[in-house]
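Just passing along the structure, written as structure tokens.
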Amino acid sequence: MIEFQHVTYEFRRGGGIYDISFQIREGDFVFLIGPTGCGKTTLMRMIYMDLIPNKGVVEIDGYYSNKIKRRQIPKLRQNIGMIFQDYHLLDDRSVAQNVALPLHVMGHSKNNIAALVPEVLDQVGLKGKENHKPSELSGGEQQRVCIARALVKDPDIILADEPTGNLDPVTSFDLIALLDSINKDGVTIFMSTHDYNLIKGRDQRVIQMQKGRLLGE
Amino acid sequence: MMDRLAFLISEGIRNIVRHKLTATTTVVSMVLNLAVLSVLFVIGVNSHQLIEYVRSKYKIEVFFLPDVRTDDLSRLKSEIDAIEGVRSTTIITSDDAKRIFKDQFGEDVELMLGYNPLPPSCVVNVVRDTKEPVYPEAIIRQIRALEGVDEISYQGRLITRIEKAYEQAVKIEVLIAAVILLITIVIMSGTIRLSAYARQELMKSLQLIGASRWFIKIPFMVESILLSITAGLLTYGLTMGALRWGNVLLSRYRFHINPDPMLLPALLLVSIFVGIVSAQRAVSKFLRT
Amino acid sequence: MIEFQHVTYEFRRGGGIYDISFQIREGDFVFLIGPTGCGKTTLMRMIYMDLIPNKGVVEIDGYYSNKIKRRQIPKLRQNIGMIFQDYHLLDDRSVAQNVALPLHVMGHSKNNIAALVPEVLDQVGLKGKENHKPSELSGGEQQRVCIARALVKDPDIILADEPTGNLDPVTSFDLIALLDSINKDGVTIFMSTHDYNLIKGRDQRVIQMQKGRLLGE
Amino acid sequence: MMDRLAFLISEGIRNIVRHKLTATTTVVSMVLNLAVLSVLFVIGVNSHQLIEYVRSKYKIEVFFLPDVRTDDLSRLKSEIDAIEGVRSTTIITSDDAKRIFKDQFGEDVELMLGYNPLPPSCVVNVVRDTKEPVYPEAIIRQIRALEGVDEISYQGRLITRIEKAYEQAVKIEVLIAAVILLITIVIMSGTIRLSAYARQELMKSLQLIGASRWFIKIPFMVESILLSITAGLLTYGLTMGALRWGNVLLSRYRFHINPDPMLLPALLLVSIFVGIVSAQRAVSKFLRT
């Protein structure tokens, strides 16, 4: 469960998000759209508690932003599959090692990891790139590594921040189909995008933002 | 759990390979610093050898009254031996003294004078392998209190002066060593901090995907400890090599530098300590969010 | 003038571009499209001679890839406005300083720089963000900083590698319009994209790639 | 062109502010290294003071024949003064000697014996502020060749031994200084290299937008030089402070350590040299494409 209650966060240089309230229930698939710079990434960062609200409260799976202790944040993040807009891949290791990382963090066994990683890399179409460094991949491939890293840990919530920015339309639709099937298994999905085509003709809930404020659904 | 620990340790090892440049720079920096330290350590240990040599030359001569008999002498000897600070004693009886005189001057005093004027005496050697300064006054006082002692000759002021100078030198050396140790630690931790700085983005990314502070710290610690041990061992090898070479040069002066058995443990202790502390500090700095 | 003559480049780990030949004349506006991982970025990197072909020759404005000396490469790059897919912004300085950088590189005067930078930042819609660090910007804003940095030096050629990946449709169309007007002034523009909507209904030349090879125009 | 140069220099300055951590670490590392060097430098310069003190105690006494007349004496004096290695001479005439004798023993020899048996003599002081060892034999030989010289008394073997020991000590000190200088340079350049390593992405980006190697290098050099100068000045301040404090402690021993006027230039030279060379090497490494 994701819940924002009158959340405001302002950066020191100005800009931010203001008085945001909404709720996403377990198993929902919700889109977040809005023009560039409207605050989508900022909003997502509050879900994985990289930013803590100036006003209001964010609740994620029973963790409250105003009560959470610093050492609880890793626990929270382990339950969320995050696809970052700027990837945050570790360039000192291979694609496979990058994808395996969240499993190591969660304490999975070696055998388990050895089985899961190739599977998910295959799912996102990165077979054959296991041993590349992230810097040796195309933009779209890097983005898919980031997606694989979020999927591999079988999280309760997937946060996808413009996950199709560097993907061509075919690959994008494949990704949405993949997310759809994961959502069918009960995983909550919250995805920001500015690709209106992608959500056109879908009957899913869409949250719209503009200039740091909710515009409606 | 076991798998996770194995992973964290292997991560530490692989980080060394992944970041060869920082690893090499760190080790080189550490080795050079430790080398200065270990040279100082060796000098410190061997300066003792020098003062011991000097101390072996200290001389206290005790002259007994001429009427002290031979069996009294052995009692006196054991009484002097029992005094704290006395290493050994050598009794010279009147007859011994006569023989020595004859050896040195070719004359038999007894024949010349009709009697032996040389009193029995005793050469007292003081302890030399103590870390404390040796002051002979206390020994002298106790010897003087013994019955049968006539006169005592010793290089009192000279000994006191030498011991004072040595004490001063040790103090200065300890001070310098402490300062150098401090400098070493600061430089080494600076080096490790810079190598952490070069990887702050990676740490931030790890944190974002849910890694706890320990998950980030442990590989970094393992890496730091391994580098420290490597540096410690290399320094040890280097110091031993330099010593062997130095001893060849010094052999002309009949002086031999001994490495202390504590050198290796001390080096490892210092380097591992520095490795852990500075890795800890460096990581904490970049994980502060 | 950009000319590829049977250019092949293969990465050590495999993958790359094969037997590419094409020509772009001065003042052209050409699109490069193809699915993710097909080699668009690799092809662009050969234009600014970040990669040198294994086989074949690339000619850019009289510089030949098989003859160019290392110290000539900066000169070549100064005439090309490059919009990198991964931005390559310098995060140790402000947006304005990032945009000013190419002008400093080319030896413009201080006054000239002070006049040009705000103008181009305004053009790409970054007014008010001059003093932000790149890391303090949204994805789309970072992309526009990169665009501004390419435009500010008034280059002969603009290479744009998926410049709209993080932009919403409105901003994307604005960018294309901006590039169009620049093109009118005689600047050669070569832009890769996978946003087929963007080029739909335009009568410009489009080079298509697939799996490292040219597919036709 | 002027604007570009101004920009490059200001870039160097701003880089220090932008990368405070690497700047601080670099400066601290450098200061500590330079401190060791400058202490060594000061010791080196002042060890000379010690030998000069000892040399001022060297004594050559020249006794002339009793029939040398007073005007011959002043000729002899100027002849001795002209000998290389002689710092000064003091003539003691027979009358002076008589007066000295009377001052010391309270007796007038001339009254006692009816004539003055004390010959005129001359105390010769040797040069003391030379870097070369002082060996008195040559001086003695030349004095002996002069007419009217009767006898020469001097501490020949002692002087030779002291001078040999000093020569040896200077050699060892130069060796140690060279080793420490090398270590300093390696550690300092490692530090600068690590700080370049942390910025390799930035350098790569600069290169991609068409910056020439010089454009990237110059600010880095400026930065490195500024940090070096800062480190040099800080070390100088530190050394001078330590000296003042040390002199207070040493004043008991009537010994005064003098800083050499060359200390500051030497420090700056070393640090700037290291700064330039290692910045050059570090940048080249990361620009190799």
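Assorted remarks:
So that you can tell them apart, the chains are marked A, B, C and D in the order they are listed, and the count of residues begins at 1 in each.
By definition in this document, a contact is a pair of C-beta atoms (placed from the backbone, for glycine too) under 8 Å apart; a residue touches a chain by one contact, two chains touch by 3 or more.
No experiment lies behind these values; they were computed from the predicted model shown.
If each chain is reduced to the centroid of its CA atoms, subunit A and subunit D end up 67 Å from each other.
One simple way to say how far apart two chains are is to compare their mean CA positions; for subunit C and subunit D this gives 61 Å.
Between subunit B and subunit D the centroid-to-centroid distance comes to 30 Å (mean Cα coordinates, whole Å).
Residue positions of subunit C touching 2 or more other chains: there are none.
Residue positions of subunit D in touch with at least two other chains are not found. Shown here, the protein chains touch around one cycle, each chain meeting exactly two partners.
Every pair of chains meeting the contact definition is listed here: A-B, A-C, B-D, C-D. Residues of subunit A touching subunit C in their complex: 11, 13, 34-37, 40-42, 85-86, 131-132, 136-141, 144, 162, 165-171, 194, 196-197. Within the complex formed with subunit D, the residues of subunit B that make contact are 21-22, 25, 28-29, 32-33, 35-36, 180, 183, 186-187, 190-191, 193-195, 197-198. Of all residues in subunit C, only 48, 50, 70-71, 74-78, 80, 82, 84, 88-93, 101-102, 104-110, 149 touch subunit D in the complex they form. Remark: subunit D residues 1, 3-4, 6-7, 14-15, 18-19, 199, 202, 204-213, 215, 289 touch subunit C in the complex.
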